[in-house]
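Below, subunit A partners subunit B and then partners subunit C, in two separate complexes.
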Partner chain A sequence: MARYITQRIIYMIITLFLIATATFFLMKLLPGTPFNMEDKLTEAQKAALYEQYGLNDPLPVQYANYIFGLVQGDMGISFQFDNRKVEDLIMDRIGPSAQLGFQSLVFGTVIGLILGLISAIKRNTAYDYSSNLMAILGKSIPSFVFAGLLQYYLAVKFGWFPVSFWDSFKHTILPTIANAMFTLAVTQRFLRTEMLEVLGSDYIVLARAKGLKNSVVTFKHGLRNALIPVITIMGPLVVSMMTGSLVIEKIFAIPGIGEQFVRSIQMNDYAMIMGTTMFFSILFVVVILIVDLLYVVVDPRIRLTGGKE
Partner chain B sequence: MEKLLEVKDLTVSFDTYGGKVQAVRGVNFDLYKGETLAIVGESGSGKSVTTKALMGLIPSPPGNIEKGEILFDGKNLAKLSEKEMTKIRGKDISMIFQDPMTSLNPTMKIGNQIMEGLIKHQRMNRTDAKKRAIELLELVGIPNAQERIKQYPHQFSGGMRQRVVIAISLACNPKILIADEPTTALDVTIQAQILDLMKDLQKKTEASIIFITHDLGVVANVADRVAVMYAGKIVEIGTVDDIFYNPKHPYTWGLLGSMPTLDNTEEELVAIPGSPPDLINPPKGDAFAPRNPYALKIDLEQEPPMFKVSDTHYAATWLLHEHAPDVEPPESVKRRMKGFAKTGTAPGVDEKKGDES
Partner chain C sequence: MAKKDKELSKDLFQPADISSDKGEELGRPEISYWKDSWNRLKKNKAAVLGLITLLFIGFMAIAGPYMNKYEFDETNYDAKNLPPRVPGIENVEWLDWLGLNGTRTVAVQGADPEDALQRGIEAFELDGIDYTHKVVREYDASRPNPDERWAEVEITFNDYEARGLEEHYYWFGTDAMGRDLFTRTWKGTQISLYIGILAAAIDMVIGVAYGGISAYYGGRVDNYMQRIIEVLVGIPNLVVVILMIILLDPGLIAITIALTITGWVGMARIVRGQILKLKSQEFVLASRTLGATDSRIINKHLIPNVTGMIIIQTMFTIPNAIFFEAFLSFIGLGLQPPLASLGTLIDDAFKSLQIYPYMLVFPAIVISLLMIAFNVLADGLRDALDPKMRE
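Let's turn to the complex of A and B:
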């Protein structure tokens, strides 16, 4: 097990290095240059800023400097916010993003699991059909469209919720729902399929043949086994939720990392773009590692082989 | 002998997209205390559905018990509610399935899977149930049971898993044990061991066994009586001797003709021509008639009733009618019948014992 984890961490570091390299060069291909939004700057002032941020160095030198800084935990200085360090800026903004992410993950998976379970137990009934309809909508409508719809109807038209900003818990409800819809839909579909397969398996018939109550068979023997594979989709879901939150934060004017990230791209704030990308990347690989380890812990069939690796 | 179970006119259907599948069409049989009744027949003839009906395990929808009675212990099981059925399943009637690789819960320890029934039906506490689980594992021949109960199914071989399933089924001393092709998925040496184990356990527990199989060799080895099913009906029923030495139904002849025996290996096996009928629209008359070289005109018109051959032996074929022509089984089947008489048992399951690893 320890060997397995070490191996995984080495792969993680290689992955992160590749992401850093790719993002660095891709970003240089972005149209426009930094500081061009600030019309008030003279050419001479711009040149001074370029020099100060090392943007006049040859690309390989810039790259080497960046990677060197990154290894030491230094993500550089943001261009747009007077000389503030990128990592500080991210930390300032992490609160709302983390809250949005956490709330949507919990809401999306819990409701998705409940709907999936109902669908499977009551398959081919009105319950199943409505649950499926909801999942199909959640999967096919992009979250920004959903966000707009929620905002227009529930906030603007009926006035039940605030339109935007991040203040009370009430402010968080619409963005959470909009951000969670995809997760909810995917979880519903996945659990429904898994549960139906499990409920049709021989060991469920054997459990019933033992004379166990239906509820015991469904939950203790059925749900438990159907839930294990759900863990595998949690990694990708967390990822999609993080990327989804970029847009959601923008739409609801939430002062989070995503909103800042979108603005940094518009402003060609290279250090900020790189820093945020690396921050998300680190989060992704860590989440995926945790999910894989969780799988090993929960599924007894993997425990042995996992240990040998 | 004491009658334990009485099945009368059992009729089961399934609603499918193509129409109503009449899987079991009026099955009658009795089960006596301590006997082993084998049910044989081609795939799809309704063997599993019949026995699932006895346990109230027909999935509904799409399945329905349309007609019939299953009398056990003064109750009609066909009419019991799900809740009342849970008191009988696993306690009075239990079941062993075909594929031991899939019939155990992969994420639950073996011990817990055995203990569940004990806790439910015998109201044991966990300590007693655990003790009993260890005893049961020892009874079915699993060494080191103390340690084994803490393991998961994937840590057991196929034969070992089937032993565990047998232990589960025996946990509450059932009066009836239904074994649905319990050895089909296992290799020959393990098959023989499991059969021996079942015979041995039956002697100890005096349970009645309903044994479903495709393999007539296994029938000769384990059964007291045999029911031959075709297209959702029992077409012939009798003692093992009745069926092997004096078969009356042409379908039974066909089955015997397609079965290898020890002493005439060089002889070619004769497959039954054609395929089983569509159970959505079962044919008028005798369902076997289109495949039956001895079919009479009446077979296409009217279903044959059960004719009595002897007190123990019945067959549903018009050939037994007093006005029917005298038809003898084909020569190959007759030779084979003599073969059984000579060697005692059919194919040598007993000869192929080996060590399970």
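Let's turn to the complex of A and C:
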């Protein structure tokens, strides 16, 4: 176990280092500087700004500074947002994004699991078909299209929900639903497949032969085993939360990380882009690691030697 | 059982005449793998429906932009933000709810309903034109929200008549620059499909080559190639795509490159897994014993056996690529005007969603149908091509 974890963490660090390096050099290749738009600046002022932000240093020095800063949690200073530290800006904005992500993850997974369970138990009935239809729609319709429909019909036209912003719980309902659709779909399909496979296995047949009640077989023997592999889809779901945060926060004007990221792209705010990219990457890599470890812990059938492939 | 009681006389039984040369004959016509898969796919109603939808959308993407007299980048500022109007349907009263008759409803506020109506008539130049109006509320000073104290009327009128554009028919309406949305929607579909298919094709080529080489040669080669993949898998695709788009000038090529730079990893892993399984089987050994070269074994024995898997994976890649393109366009990293993709059309539509919702409706329907059709067909293909499912 210890060897496996060490190996995984080394990979994680290599990956993050590569991302940081790639991010840094890609940003340096970009045309323009963050001060392009400020026509009013004199040459002297520009030079002073360059000096202040270390843009005059040779590239290797800038790179070393960036990496060393990053290791200490220093992501540099944002060029546009009031000259504040990138890590502070991200932390300021993390609340709404985390809430949106958490709510949609919980909502999507719970509803998805329920639908998947119904689908598997009532296989090839109207319940199964409607549940599958919902999953197909949730997987196919892009979240921003779905968000647009929800926003127009439920908020603008019928006025049941606020159109945008992030205030009371009521404000969070539409964004949560829109963001959760993909999660819901993926969970439903995954649990349905797993559950059908488990219900067809020998120990379920044995349990039935012993004369156990149907509900005991389904829930205690079936569902418990089918739930374990669901952990593995957490990786794609975290990515969908990140993608979702960019578009959903833009549509509903939610003051979160995603909305800020989209704006920093438009403003050429290198430090902010690099910072947010690193933040997303770290989040992703850490979640994948936790998921893999958790899976090993929960399912004793998985052996560690040589990875889990 | 009734059958038991039946008299069975001896002459009902005759020895079957089997000559030795007939022992090898097949009882049923030989069905190839592809024919068999096609038969299975045909039984899957959803997949067939998906296929038909795709063919229809594909046809419209090619022919749609030429179906009327407007060009996708032709602006007409006199005709901006026009609602949809379709000849034929516009006169059918019970289809009015579709909103395809060129009418527009606006809410106007005033000191009292009469005043509001007058303001509306002036603002939209409705003199001498048919309109209907509905009083939404009277003036009431006691309402807490000052904006809601004014009287409000809803005026419904034909926007084409009001602007003197009776001879025009914009089937899906026009955008904020007076461009025909019908032409733009299908032009956008064309570009979205193009990006999706191109990205999937490049993913396929790189993925199959990488996975194939890695698995076939095995050993140290495989080890190194897999370490590279392990690092790449750890990088969120979203991050790479955004960085690449920022680096390259936004456009068709940039999006395609960005999508393919990490997209092939999934394909490579699947192909590697399959080839690893196949290459230790007897028919490969037999071929090798007969002196077949590596390339012959790969091309004639291994690749054909993983074709099904490759097709399934590609079918899932296409809708993913279409989604990512739309997503990038939506956050402002996509195609630049006057080019249109479904994503840019949706992005534009969001800017005036509350006033002109029809701008969102059509591209939204097309992209949703496209994604659903691809996903359903891919699911169907997986069931049809997966050898494990063969009876």
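Miscellaneous remarks
The definition used in the following text is that the second predicted complex is superposed on the first by the 276 of 309 C-alpha atoms of A that agree within 3 Å, B and C clash if a C-alpha of one lies under 4 Å from a C-alpha of the other, contacts with A are read in each partner's own complex, and residues count from 1 in each chain.
Operating definition for what follows: a contact is a pair of C-beta atoms (placed from the backbone, for glycine too) under 8 Å apart; a residue touches a chain by one contact, two chains touch by 3 or more.
Note that the structure is predicted; figures quoted are calculated from it, not measured.
Within the superposed three-chain model, A:13 lies out of touch with both subunit B and subunit C [touch as defined at top]. Once chain A of one complex is fitted onto chain A of the other, the partner contacts of A:23 are limited to subunit C, with no touch recorded for subunit B. By the document's definition of touching, neither partner reaches A:47: not subunit B, not subunit C. Of the two partner chains, subunit B is the only one that A:224 touches; subunit C does not reach it. Touched residues of subunit A, counted separately for subunit B and subunit C, are more numerous for C.
In the superposition on chain A, contact of A:210 is made with subunit B only, not with subunit C. Residues 201-203, 205-214, 221, 224-225, 228, 299-301, 304 of subunit A touch subunit B in their complex.
Here subunit A touches subunit C in the complex through residues 11-12, 14-15, 18-19, 22-23, 26-27, 29-30, 136-137, 139-142, 144-145, 148-149, 151-152, 156, 163, 239, 242-243, 246-247, 250-251, 262, 265-266, 273, 277, 280-281, 284-285, 288, going by the rule given at the top. The part of subunit B that touches subunit A in the complex is made up of residues 55, 57, 82, 85-91, 94-95, 97, 99, 102-108, 116-117, 120-121, 152, 154-155, 165, 168-169. The touching residues of subunit C, when paired with subunit A in their complex, are 230-231, 234-239, 242-244, 246-247, 319, 323, 326-327, 330-333, 346, 349-350, 353-354, 357, 360, 364, 367-368, 371-372, 374-376, 379.
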